[in-house]
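Here's a structure for you.
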Amino acid sequence: MKTARLEAFSDGVIAIIITIMVLELKVPHGTDFAALRPLLPVLLSYVLSFVYVGIYWNNHHHLFHSTKHVTGSILWANLHLLFWLSLFPVTTAWVGENHFTATPTAVYGVVLLMAAIAYYILQRAIIKQQGPGSILAAAVGRDRKGKLSPVCYAAAIPLAFANPWIANGLYVFVALLWLVPDRRIERVLTESN
Amino acid sequence: MKTARLEAFSDGVIAIIITIMVLELKVPHGTDFAALRPLLPVLLSYVLSFVYVGIYWNNHHHLFHSTKHVTGSILWANLHLLFWLSLFPVTTAWVGENHFTATPTAVYGVVLLMAAIAYYILQRAIIKQQGPGSILAAAVGRDRKGKLSPVCYAAAIPLAFANPWIANGLYVFVALLWLVPDRRIERVLTESN
Amino acid sequence: MKTARLEAFSDGVIAIIITIMVLELKVPHGTDFAALRPLLPVLLSYVLSFVYVGIYWNNHHHLFHSTKHVTGSILWANLHLLFWLSLFPVTTAWVGENHFTATPTAVYGVVLLMAAIAYYILQRAIIKQQGPGSILAAAVGRDRKGKLSPVCYAAAIPLAFANPWIANGLYVFVALLWLVPDRRIERVLTESN
Amino acid sequence: MKTARLEAFSDGVIAIIITIMVLELKVPHGTDFAALRPLLPVLLSYVLSFVYVGIYWNNHHHLFHSTKHVTGSILWANLHLLFWLSLFPVTTAWVGENHFTATPTAVYGVVLLMAAIAYYILQRAIIKQQGPGSILAAAVGRDRKGKLSPVCYAAAIPLAFANPWIANGLYVFVALLWLVPDRRIERVLTESN
C-alpha cells in the first residue's frame, strides 16, 4: 500500500475525530449568558483535546514523511493509534461534563497514555522497515519528548486521585511541550535531501 | 509539510463542519406542515452558516494558492481558524432554536469575529513566510473586505442587545459582501503566471 | 480553483451525507426481532436515499470530467447543490419514521426537486464556461432523463396528498431510471479523446 | 471514472463509518469507575467492528490496486459494499448495549454476511472487467479465506440462538484470520511488476 493512501485515510479519520468532539458541546438550554456557564468546562476540555489531536496530526505527518510504502504491520500499528485517538471525544466529554474530577481525569490520562504507546509502536514499526540508516531514526534521535510524554501521563493517572488539577496541569504541560515547534525532524530531513 | 496535505485536511474538517450543522435540524415531531414550522428559524440559521462556511472554504483555497510549503506557525494558525469554524454548528443551532434572540445572536457574532481574526492571523503568517514580493500580499492589497468584516461583527455584538435584527442583518450583509465574486486575488495570480 | 479540489471537497461532503443518514437508524429498543420492526420503514427510506446520493455522486463526477478550472459561479452552484443534498438525511428520517405518509413524502419530493434544479443550474454554469463546442453540452444532448426527473418530482408532490404510494413509486421509478447505466457521456468523452 | 476518485470516496465513507461507531460510546453517567462498567460491552463490540472495518479498508485497497478505470457495475458494486458497511455502527451498538445476546448477535452476523457477499460481488465485477489474465484473479487464487468467512457467518447466525458466545467466537475467529497478513496479493503483484 502506498503511504499516500494511508495518510489520506488517517487524515480523514483525524479530521472526523477533531470535528465530532464538538458534537459534545450541546446547544445551551436558555438564552442568556448564564446558559453558557455549564458549557465552559466542556469547552475547556474540547480546547485541550483539539490541541492534542492537532499535535498528533502534525507528528503523524512527520512519521510518514520519509516512507514510501507501508507494510501490514505499519498499517495495523496506524489503525491501533487511530483507535485510541477515536476515544478522545467520549473521554473529553466525560472530563468536561464532570468538571475535571478525579476518575474522568485519570481515564483521560489512560487514553493519552495508550495513544502515546500506540504512537511509539508505530514509530518503531516504521524505523524497523526503513532498516539501518533510517531517516526517521536519525530524526527522532534520543526522542526526549516522546519518552517524557508517556511518563507524565503515567504519573498523572494516580495523581488525579490525589488532586485532579495536578494531573490536568501535566496534560497541559505535555501539550505545550509539543506545541513548541519541533525542528529536529525537519532539520534532518532538510540535510538528507 | 506540503500545502496539499494541509489543504486536504482543512477541506476534510470544513466538509464535516458544513455537514454536521445539518444534524441540528431535528426530525420534526408530527406529520403535517405545522410540524415544520419550528424548523424554520433553525433552517434559516443553517443557510446563513452554510454560506459562511462556504465563503471560508473558498477564501481558504485562495490563501494557499500561492504557497508550496507550510511552516509550524502556519499549521497552527490554520488549526486555530478550524477551531473557531468548528464552533459554528453549536452556535448556529443556539441562534436558530431561540429564534435569533439577543444573547445567542451576540455569541454567534463573537464566533464570527474570532474566525475573522484567526483568518487574518493565518493570512499574516503566510505573507510573512513568503517575504517581500509576496503574491498573497499583492493579491490582498488594501484588503477592504477583510478589514470591514470584523468591524461589522464587533459592531453587531453590542447591537444584538439593542435589536437582534440589526446584528443579524449585519451578518447577512457581510456574507453578501463576500458572495460577490472576489476577482482581486485571481487577477493578480493570473498576471503573475 | 482547480477542479480536483472542488471534486475532493464535494466527495467529502457527499461521503458524510451518505454516512450520517445511517445515524437516523436508532439502536432498537429490545433484543428480539420485533424490536427491528419499527426500523424497517426507516431502513427502506435509507436505502432509497442512499441510492439517490450514490446517483448524484456518480453524475457529479461526469459533470466535472471535462472541466479543468472552476469559476466562482460554478463553485457556488456546486455548494447550492450540496446544500440541498445535505437536507436528505433529515427528510429521509422524517419519511421513514412516519411510514411514508403524505406530508413527509411531499416534502421529500420538494428536496429531490430542488436538488434536481440545483444540478441543472450547475450543469448550465459548466456548459456556459466551456462555451461553444462544450464537451458536456454534447454529452448531455437532449438530456431526457435530466428533464423527466424534475417533472416526476413536481408531479409527485401534489400526488403525495392523494396517495403517498404513487409519489413514493415515482421516486423509486426515477432512481431506477438513473441506475440504468448512462453511457451517453462516457461515449462522447471516449470519442472526443 | 478513475479508480483514484472511487478509492478516495470509499476511504472517506469508511473513515466516517469507523469514526461514528464511537458515537455509540455514550458519555458515562457518574464520575467513578462503576460508571464505566456499562460501557465495557459496547467498547468490546466497538473493538471488534473497528477491526472488521479496518480489514475491509485494507482489503478494499488490494482490490483496486490493479485497476485503473471503473465501470458502472463496479461503481455500484462498491456502493453496495459501502451500504452494508454503513450498517456496522447501528448493529455494533445493538450488540454491545445488549451484552451480546442472541438476536442482536445473529443480526450482526447477517450484516457481516451481506458485507462479505457484497465484497465477493465487487471482486467478481473487477475480475470480469480485467478479463482473462486478470491480476486480481491470479492474486485471489482459490480464495480460501474469502470463501470460509461467509460460511462462518452463515453458521454463526443460527448458532447465535443456541449460544451467542459460539457465534461471537466465530466472528472473532474470522477477524483474526484476516488480521494475519495476507501476502498472496502482494506477492503476485510484486511478481507481475
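Per-chain numbering from 1; labels A, B, C and D assigned in written order.
The working rule: a contact is a pair of C-beta atoms (placed from the backbone, for glycine too) under 8 Å apart; a residue touches a chain by one contact, two chains touch by 3 or more.
A quick note: this is a predicted structure, and the numbers were derived from the prediction, not measured.
Counting hops only between chains that touch, subunit B reaches subunit D in a minimum of 2.
Residues touching across the subunit C and subunit D pair largely diverge in numbering: under half of the numbers involved belong to both copies.
Rotation angle for the C-alpha superposition of subunit A on subunit B: 90 degrees, rounded in steps of 5.
In whole angstrom, the spacing between the mean C-alpha positions of subunit A and subunit D is 27.
The distance from the centre of subunit A to the centre of subunit C, with each centre set as the mean of the Cα atoms, comes to 38 Å. Under the contact definition stated at the top, the residues of subunit C that touch 2 or more other chains are 8, 12, 16, 20, 23.
The touching residues of subunit C, when paired with subunit B in their complex, are 1, 5, 8-9, 12-13, 16-17, 20, 23-24, 71-73, 75-76, 79, 82-83, 86-87, 89-90, 93-94, 97-98, 101-104, 107. By the touch criterion given at the top, residues 7-8, 11-12, 14-16, 18-20, 22-23, 25-28, 31-33, 35-36, 47, 50, 54, 57-58, 61, 179, 181-182 of subunit D touch subunit A in their complex.
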